[in-house]
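In what comes next, chain A is part of two complexes: it sits with chain B in the first one and with chain C in the second one.
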Partner chain A sequence: MSNNFQLTISQLSLRYLGFENLALENISAQSRGKRIGIIGPSHAGKSSLLALLAGIAGKMIPAKFSGSVRINGEELEAWRSQHEIALLLQDPASQLSGLADTVYDELAFSLLNQGKSDEEIESAVKRAADQLDLTNLLDQSPNQLSGGQTQRVAIATALVTEPDLLLLDDPTSQMDPLGRQHFFSWLEKLSCPFLLISNELDDLADLCDQIWVLKDGRLLMADSPQEIFRQLDDPAIDKPVAWKMAKKLKLKLDGRYPVNAHELKEAAENAN
Partner chain B sequence: MQIKIKSLHYIYPETNFSLDIPDLTLSPGLICLVGQNGSGKSTLLKLLADLLPAGDAIKADGQALSEYLASGRLSKIAYAFQDPNDQLFNSSVEKELAWSMKQAKLPEAEIARRTEAALKEFGLAEFRDLNPYDLSLSGKKLLTIASALVLDPEVCLLDEPLMSLDYPGRCLVTRLLKKRLARGKTVIMITHDMDWLAENCQEVYAMSQGQLVYHGPVHQLFSDQELLGRLGLLPAKTWQLSQLIGLKPEVLSLKQTGLLAKIS
Partner chain C sequence: MRNNAEDLALPAWQAAIDPISKLLLILLFTLAAFTAGNLPSAIIVLAASFILALLTKNLHALWGMCAFSLFLILTMLLIQGLFWPGNHTAAFSVASLTFCQEGLDHAALLACRILTIIFSSSFFIQTTTISENARYLENSGLSYQQVYVLMSVCYILPQMQENLRKIQLAQKARGIAPAKSLLSRIKNLFPVLLPLIVKSFQQAMNRSIALQLRGYANPKRRAASLKQEYWKDKFCHRLLIANCLVLLGVKACLIIFN
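Coming up: the complex of A and B.
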């Protein structure tokens, strides 16, 4: 499954009950590759799109939507009934069950609900804890963690079920720089397809096959990172640091500014 | 206003995590605290806000902090939480902004005037009647910062004010903080954003395991691999990228990159 991922969205609109404006307005997009970055200012509809894909908007949050979403040719609902989608919320503390005494129990929570055996739970929890550098925190109470640690626990709770699709809403916002670096190098090794909302533009430009740009509920562009930052000129959206440095240093690659560290290095080497 | 810390010791009984600061004077200007998650930055900020008890170890203008604040000076020091959900509780954005001013017993007319100004300045006017919990995370974060700045405090304590902000919000907060600093106020803030730090801050304080382990220029911190490793920090992206492409000396900021490009 992970080598074959096709997300097709057609004329998708979403309105939360009690709100006048559409949260998503007539979005049509086709994924290219299995790593999709989503950028845009607040109130762009980024979180709403993930909430809709995860089946939260429209079910747990009262909302109406029209249009269609298909994954690998199947209607979203049908695909979801056969596959696991994990959503990581923007606010990590609200992700946790609030019922667990330890980080271990928190990670085991959804597996227990799935009726997994103790052995299966233990190995899955240990694997997820190891991936997110949480092994030393397994005995701690989830209430005693810092913001960045909570965010890592929340990611591990999403990961522990071995999902077929990961939806990540700004997962590194509370992490320290090293935590962020670890997270992105971990993501690079991940085989599971994902949609990732992030402000870390250099990392997105390095990692993602495609970037979707949303603003005011509409899709402005969906293209490769290179094309996005070549074409996009919107005061509400920043550019990668590599792009901005290259512009100052007048370093170009194939007639455009580099978008990530690798490209910047190549452009600098070509210039010498 | 000057804040002096002398023999500050604080311990969380549940975890045994302790914070120790033997001696520190904080004068007006921008003071940035960096360090790994769990290094004690937020604890120090809460102690400075009198949200955790510091006894006589923290003095504001020579007076013990809690006494200083209790004697009608509540608006002198303002604090914004890292997680907006820990701070926001009023039923509308407008009420949230007015709340801290009411506690500080500002006159009604002044509260109304400042609320209007803040709604406009922070781009929150169209959301004034909305429950803060219905704002986007970036909107909530802006509201927490607005609720602190609206007091026009001498000292502003901001726990990761740039976190979760979108790009326009980040530009706005940067501009407003610079305005405050130009008026001689103190801003003490925690940040994980090394590029912002490199662009805006001259000197930095770094914490590790409840202690202040570095105070000095940002470029010196970035040059010291051993110290960075010990602190679990990385230099700004501009610094890392300039190393990658062999720029010497490494550049701290985009501003410096531009200058370097002109010189060469």
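Coming up: the complex of A and C.
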């Protein structure tokens, strides 16, 4: 599964009940690679797209949609019935059950829902905690955690079930720079396919195989980070710091401005 | 009920009583308080519940809970002392107002009942966490959905308080001077009520979505194992229920034969 991920969206439109405007309008895209970054200004439809993929929009939130979504050739609904999709919400505190005394219990909650045994739960929780540097926090109360720690716990709750597809809605919004750095290095090692909404353009450009740019519910572009930031010319959407620095320093790599730190370094070395 | 297990180091006997027995204990004290038809017997029940509450050794929390009801009790004393229909013996006068003994006795009886419920609830609240309770109820046969609905009541209020605190801090940061008098505090509360309710509603909705995504309604779900052994829980339930039934019987007899 992890090595073979193909998401195909055809003419997808979504409207929430009671709203006139479409949240998503006629989106067609095909994934390339298994790490997809999603960027765009506010109210672009980024969270709605993830909500639809996770089965929230239309089921838990009243909405109507048209078009089709296929994963590895299967209709989304059929794929979802056979596979695990985990979604990390924008507000990490809401991700938590609120009925757990400790971080351990919070992580165990998702596994109890799957009917796993105590032994399976223990090993899965320890593995997820280890991946997200939460081992020292396992005995702590979720109510005592900082914003960044809560966000890591929320990520761990999504990860602990070893999902087949991970949907992350701005997961680093409350993390400090170091926590963010750790998160993206962890994400780099993750074998599971993911769609990630983030404003950390440098990290996205470094990590993702493909970036989708959304604005006003429409998909403006879907391409590699290099192509996206070469072609993108929209004042509402920022560019990576590496791209901006390279532009100021007039450093180019293969005829275009670098989009991440590695490329910037390479361009600087070539220039010398 | 406590939100979590931090600093909840209970004496062994308190930890050994299961959550349902503690809830039944509240019911038993409540029934006892309502069965006690006169002030001396109500005071005895109150004293027993007070001793139970004192055993938690958390006087600060106990005072917090009582303070909340003091306003209500004072109002009762005032209204019943002045206007209770059975008033005829003057007890004392303040300015031109004459308080009557019967009304004051009746108000004191009601106050005893309120305080008994508070003290017995305080024992439950101080010795049980939401998680322990949820775990026990689910193991007793309730579905997680039912448990969640019951328990969510316990954290919605603290969550609203926390949201209110954040909104008020934001207001202070934007230069709104903190209110000095109680009246201006209440007045300042009105503009934040709507955002507070909307935010709490939004959080509740997000949490419900997250729980569904995490599969809490999955038919495969199993209850979490209990973290501790409880002392003869089924026996305690039966004993407490039997006592409650006896009190109900006594109360019924008192009503019928009086």
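The definition used in the following text is that the second predicted complex is superposed on the first by the 272 of 272 C-alpha atoms of A that agree within 3 Å, B and C clash if a C-alpha of one lies under 4 Å from a C-alpha of the other, contacts with A are read in each partner's own complex, and residues count from 1 in each chain.
The definition used in the following text is that a residue touches a chain if its C-beta (ideal position, glycine included) is under 8 Å from a C-beta of that chain, and two chains touch if they have at least 3 such contacts.
Source: prediction; values computed, not measured.
On the superposed chain A, the two partners chain B and chain C do not both fit; they clash. After overlaying the two complexes on the shared chain, residue contacts for A:Q144 are found with chain B and with chain C alike. Applying the stated contact rule after C-alpha superposition, one finds that A:T102 touches chain C and leaves chain B untouched. Greater residue coverage of chain A by touch, when chain B is weighed against chain C, goes to B. Contacts of A:G115 after superposition: chain C is touched, whereas chain B is not reached. Of the two partner chains, chain B is the only one touched by A:M175; chain C is not. With both structures placed on the common chain, the touch criterion links A:L264 to chain B but leaves chain C unconnected. When the two structures are aligned on the shared chain, A:K250 is found in touch with chain B, with no touch to chain C.
Of the two partner chains placed by the overlay, chain B and chain C both lie in contact with A:D91. In the superposition on chain A, A:T157 contacts chain C only, with no contact to chain B.
Steric collision with chain B, judged by C-alpha atoms after aligning on chain A, is confined to one stretch of chain C among 43-51, 79-87 or 169-177, namely 169-177. Overlaid on A, the two complexes show chain B and chain C touching the same residues of chain A, namely 91, 93-94, 140-141, 144.
Taken in their complex, chain B has these residues touching chain A: 12, 14-15, 35-38, 42, 82-83, 85, 136-139, 160, 163-164, 166-169, 192, 194-195, 232-234, 237-238, 240-242, 244-246, 251, 254, 257-258, 260-261.
Touching chain C in their complex are the following residues of chain A: 54-56, 60-61, 86-87, 89, 91, 93-102, 105, 108-110, 112-115, 118, 140-144, 157.
Across the complex, chain A meets chain B through its residues 40-43, 47, 90-91, 93-94, 140-141, 144-149, 170, 173-181, 199, 202, 235-238, 241-242, 244-245, 248-251, 261, 264-265, 268. Note for the complex: chain C touches chain A at residues 3-6, 129-132, 134, 147-148, 151-152, 155, 203, 206-216, 218, 220-225.
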